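The first chain written gets the first letter, and so on, giving A, B, C, D, E, F, G, H, I and J; residue counts start at 1 in each chain.
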Amino acid sequence: MSLPEITQKLLAAKKQKGLSFADLEKILGRDEVWIAAVFYRQASASEEEAKLILETLELGPIYIQDLTAYPVKGLGPIVPTDPLIYRFYEIMQVYGMPIKDIIQEKFGDGIMSAIDFTLDIEKEEDPKGDRVKIIMSGKFLPYKKW
Amino acid sequence: MSLPEITQKLLAAKKQKGLSFADLEKILGRDEVWIAAVFYRQASASEEEAKLILETLELGPIYIQDLTAYPVKGLGPIVPTDPLIYRFYEIMQVYGMPIKDIIQEKFGDGIMSAIDFTLDIEKEEDPKGDRVKIIMSGKFLPYKKW
Amino acid sequence: MSLPEITQKLLAAKKQKGLSFADLEKILGRDEVWIAAVFYRQASASEEEAKLILETLELGPIYIQDLTAYPVKGLGPIVPTDPLIYRFYEIMQVYGMPIKDIIQEKFGDGIMSAIDFTLDIEKEEDPKGDRVKIIMSGKFLPYKKW
Amino acid sequence: MSLPEITQKLLAAKKQKGLSFADLEKILGRDEVWIAAVFYRQASASEEEAKLILETLELGPIYIQDLTAYPVKGLGPIVPTDPLIYRFYEIMQVYGMPIKDIIQEKFGDGIMSAIDFTLDIEKEEDPKGDRVKIIMSGKFLPYKKW
Amino acid sequence: MSLPEITQKLLAAKKQKGLSFADLEKILGRDEVWIAAVFYRQASASEEEAKLILETLELGPIYIQDLTAYPVKGLGPIVPTDPLIYRFYEIMQVYGMPIKDIIQEKFGDGIMSAIDFTLDIEKEEDPKGDRVKIIMSGKFLPYKKW
Amino acid sequence: MSLPEITQKLLAAKKQKGLSFADLEKILGRDEVWIAAVFYRQASASEEEAKLILETLELGPIYIQDLTAYPVKGLGPIVPTDPLIYRFYEIMQVYGMPIKDIIQEKFGDGIMSAIDFTLDIEKEEDPKGDRVKIIMSGKFLPYKKW
Amino acid sequence: MSLPEITQKLLAAKKQKGLSFADLEKILGRDEVWIAAVFYRQASASEEEAKLILETLELGPIYIQDLTAYPVKGLGPIVPTDPLIYRFYEIMQVYGMPIKDIIQEKFGDGIMSAIDFTLDIEKEEDPKGDRVKIIMSGKFLPYKKW
Amino acid sequence: MSLPEITQKLLAAKKQKGLSFADLEKILGRDEVWIAAVFYRQASASEEEAKLILETLELGPIYIQDLTAYPVKGLGPIVPTDPLIYRFYEIMQVYGMPIKDIIQEKFGDGIMSAIDFTLDIEKEEDPKGDRVKIIMSGKFLPYKKW
Amino acid sequence: MSLPEITQKLLAAKKQKGLSFADLEKILGRDEVWIAAVFYRQASASEEEAKLILETLELGPIYIQDLTAYPVKGLGPIVPTDPLIYRFYEIMQVYGMPIKDIIQEKFGDGIMSAIDFTLDIEKEEDPKGDRVKIIMSGKFLPYKKW
Amino acid sequence: MSLPEITQKLLAAKKQKGLSFADLEKILGRDEVWIAAVFYRQASASEEEAKLILETLELGPIYIQDLTAYPVKGLGPIVPTDPLIYRFYEIMQVYGMPIKDIIQEKFGDGIMSAIDFTLDIEKEEDPKGDRVKIIMSGKFLPYKKW
């Protein structure tokens, strides 16, 4: 997977400054996942957000344009090969129909928005092995009849 | 998508009895998502769990075997066409790399298990439109070195 | 493409009664496209709507359940082979990026909903050859930041 | 998605001059969607149109050739990953058969042309959330018998 | 490849009566290729045409409906495996770009219609080996600007 | 689609000299389609043919080798996205089985060669809209029994 | 892989009579590979050949039609999973370009016909392990220029 | 298809020296197909073989390493588009099952090795058109039971 | 995934008799993995082995033929969706190149046979969680030069 | 397959120093397969491990960052074409279901981890031909119920 040049620049600067996305969350007042999505050009920042990101990383303002543009989104490969990312594909394969039924039982015919949507990641400490907690929250969109 | 015969039987009986998966959660003491996964033959029940499901739905014990068998799992179509299920595919496409980075920043090189894993669905009431909340919790598995 | 049994029944009854979808639009007070989507099990009717459809077609009430269920949606084949349907695929291939740019210029980063969405089809008479007019209207959904 | 060099040049010049496609529509007397299609090398301009575009953007006439050439068209990836563009794919997946039936009921066996075709995008203001309106108009082409 | 039931009936009846498509061409006053397309449910007949076909083959009028319906078209498999059909795929692969250039040089930016289209097949006798002659004639459709 | 360097050179020189493939047909005594196939490296020229092409375009003899080499043939993408080229794919999808039946009825079990093959393109003027005429002629090859 | 009914009948009858394809070769005077191709509906027999096959297997003459019809050919799955058949796919993957170069060096630009083609299989006894010998012979077809 | 740099160097040097693979066969004492496989980096040479190849082509010994390395093998595209190479894919599609049956009838359950394997290409002169003869010889490998 | 009828019969009989594959290993003197491969029609039994399997499961001798036939092998779906089976696909994706290098460093250019091959599965008890041990042993096959 | 630059550097340095992965195993105290996985950027080293690798290969410490980063994993092509790697794909195709059944019979419903996982490769000398022995050991992960 070849990353866009701007993504490589941002990741390298972040690494050099020894900042984690969690650090950036505190500085920028935005969730770390959303910030990472801006880095990977899957989300667009406002001009102020772009400035703040670039200043934090000591990168020049010439990149503002790159961060505020509305990106063409998506990883690309139809079935992801990276094991971490694949597990989310597997969850959709295995639990897709159960999720569909439960959501529709609670809300009616419609979907969970992936646009009016947030995603948080937390670390749950556990003596039997720490756990990754993912919390997704998406607006329910009922199918319109016309 | 053609469902297994047992799935069709279970769904029909559940419909006829007017039970939701949330109702079954109360009766069975298991999460509604997991119960739906058993219905869709993506998870296997213990013998007691199978009995309880069948009794609740007034289906004969001959189906115990169907519910306790270890299923071949997965929806099938590589890219799902159903809009509700597709959104989870899209989330993986758009937020896959950000999720990977955040998890690995918090935990190191490894993955979130999709096996030692739970998934809950809640309804968040919201005046601007109710929201679907999905909470995933999977054990972090660090890559073993050898 | 094999159609669901209920779809075949509905189409056959409609044919026998000599009704067009435009006729059904007048009787049911719903747009013909939406009604056709119910026939093809891509949309779900309310119980009254289902009753009305079945009465109009003189089909028994036992099918109410089929029409009110929330269907697993989507045609299936990745690239459609039917020339009429393919043209919509081609429009997305050829005009996808221009549409993306224009929508985002007018609205910001986000998408047109395909759920809070209507689609109408009109016949434009034209001496040089009649034209098909398709009007889509979907709510704009801005990407949420968090 | 890597854009052709000429597309990148045109988009950069347009950005620098602070012009929207709607502005270009007024200057050029052509619809903004069609102009964007020329930018993305999905449509070919006449020599005068090319000149006017280049003068407006203060780009040299050496690019006339690029804009008047007849392009090899199409986005490429079979299933688009960008959420905005994917929704059009989804519309074809979900409403493809209903659209086919309605068009053929109104016109007979044939298709809507994607060549003798126009596409307009309008913003519908709506207190519940603005809406994207897409109007497609394509000549109906009946299947020839011979 | 599983053929529709009506196709099998028509082919069987034609075989039993010892008729070739060329014979049917004489009887029906339509080209043999178009008639074969009706047999394979890739084209739709008028009611008179359907009657004439069925009478010629001594099949009952109950099949009129099958022959006049507007079919969902297309073979299905993305790359055909049958060698005779594959050669047309190969011609498109090898001569696609040259054909595109020549047509556009003669006509401008546009396409050859596959709808307002006829296709004839002739046998050219040749001492070095008979030749198959395919003559396609499709209306040129110029890209509309708007 | 990225063209080979030699193709780009040939097309640029041809454009600069204002020559059409039809002009080259007159100069070279070979059909324009075949010449275009040489340009796109889908056919190989003899040394004299290569010389004549290069002299006509005032390109140096160093390219002889490029034009006389036996190319690896084929466009590449499984389903073409360019609308003009796609129509030939569609013709094979829709009329593939009818063509197969007619050819085999006239010739027996075998195929039309795509190697011992010619393809001509003519413009048919027509008041209702000019037509593209494609004439293919391929040697019939009967299946050998052994 | 589901075999056509006639193939299953032929294979079952052959098994019951204890005949190998090599035995059939002697009886029918045709190569065993070709006979197997008829069994699998990849080749068409003449009426006498069909009769002789059916008589040998003591199957009724009603199947003559099945064996003389011109089949739609090809296995289907794009990459074969059966290890024996896959090896031929692998040979094409690994030795495809070398074979292309050698054939073209010996014959010029063209192909080996897969239609005017025979294939024989012999057993080579070898103390280090018997060997499978495959001999293919296909007419060379030079690309026609026009 | 982009060839490795070393392949391009070898092919260019061979061309310049006017050598065919058949000439190299005589010089190197290895079959021309195997030598071509080394050129295309599908087979690995010993150090002496590499030296001899490079000396013959007057290329420096720095390339020894390239020729003795164990290559990652395979052409790449799932279905080859080059007509000459495709025919081998077609042979596998059409004659795959017959070949499987004949080999297994002669040898039992197992495969023909594509590793302990040789492939020769001969020109058969024939007044009706020369023929390409391909002789494959692969060790039979019976399935091991354990 | 639909299993062959014989597989279903064998699995049902085995279940009813309460036998594990490990039990069958003791009775039949063959490894449990190989026996399971026979059940799933991926391996062929000798006549005695087939008899013994059928007697053990109290199934009639009419199935001998099914178990001794040489099956068409392979699961089918290109990327497996079942999580257990997918992990083997993932291992090949992640460790494929390292495995290739290590094997070739130890053995030279060649492959590990998947035919002259055995596979054993053991349970390693471990206080931190039991482990699955898979031992594969395949004959090394060096590439033949010729 | 294009390798990352760091992989090429590591492999070249290792070759020049005449070291095998087995040598590196002795020096680094890590298994050769895991070390090769670090080389191919499929596993991440600790800082000390990275230093030791780079010192052994006499490469500068600037590459530490490359070796300690958490890579995006996976080979890429869905079905591998290299014969050695393909055999592992084939094993999963042929023995996937038997392996699934045996593991689940021994452990219950769950999977073998590919993360808490080791893989060793040994050479088994054998007069009939040396054998490749692969030993995989993965923690069993039972499906969690919730």
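One rule holds for everything that comes next: a residue touches a chain if its C-beta (ideal position, glycine included) is under 8 Å from a C-beta of that chain, and two chains touch if they have at least 3 such contacts.
Computed from a predicted structure; not experimentally measured.
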| item | value |
| --- | --- |
| Starting at chain C, fewest touch steps before arriving at chain I | 2 |
| Target chain J, source chain A, minimum contact steps | 1 |
| Each chain counted as touching chain B and chain D at once | A, C |
| Numbering shared by both copies at the chain I-chain H contact, with half separating same from different | same |
| Intercentroid distance (Cα basis), chain H paired with chain D, Å | 48 |
| Euclidean distance of C-alpha centroids - chain D vs chain F, Å | 29 |
| Whole-Å gap separating chain G and chain H, where each centre is the average of the chain's CA atoms | 22 |
| Chain H: positions in contact with at least two other chains | 33-34, 72-75, 78-83, 90, 93-94, 97, 100, 104, 110-111, 113-117, 119, 141 |
| All chain pairs that touch each other | A-B, A-C, A-D, A-I, A-J, B-C, B-D, B-I, B-J, C-D, C-E, C-F, D-E, D-F, E-F, E-G, E-H, F-G, F-H, G-H, G-I, G-J, H-I, H-J, I-J |
| Chain C residues within the chain A interface of the complex | 30-31, 33-34, 43-44, 70, 72, 97, 100, 104, 108-111, 113, 115-120, 141-146 |
| Chain H-touching residues of chain F, taken from the complex the two chains share | 65, 72-76, 78, 114-115 |
| In the complex with chain I, residue positions of chain J that touch it | 20-22, 32-34, 36-37, 39-40, 42, 73-75, 78-80, 82-85, 87-107, 110-114, 116-117, 119, 121, 123-124, 126, 128-141 |
| Contact set on chain J toward chain H in their complex | 1, 15, 77, 79-83 |
| Chain C residues touching chain F - in the complex, by the definition given at the top | 79, 81, 83, 86, 90, 93-94 |
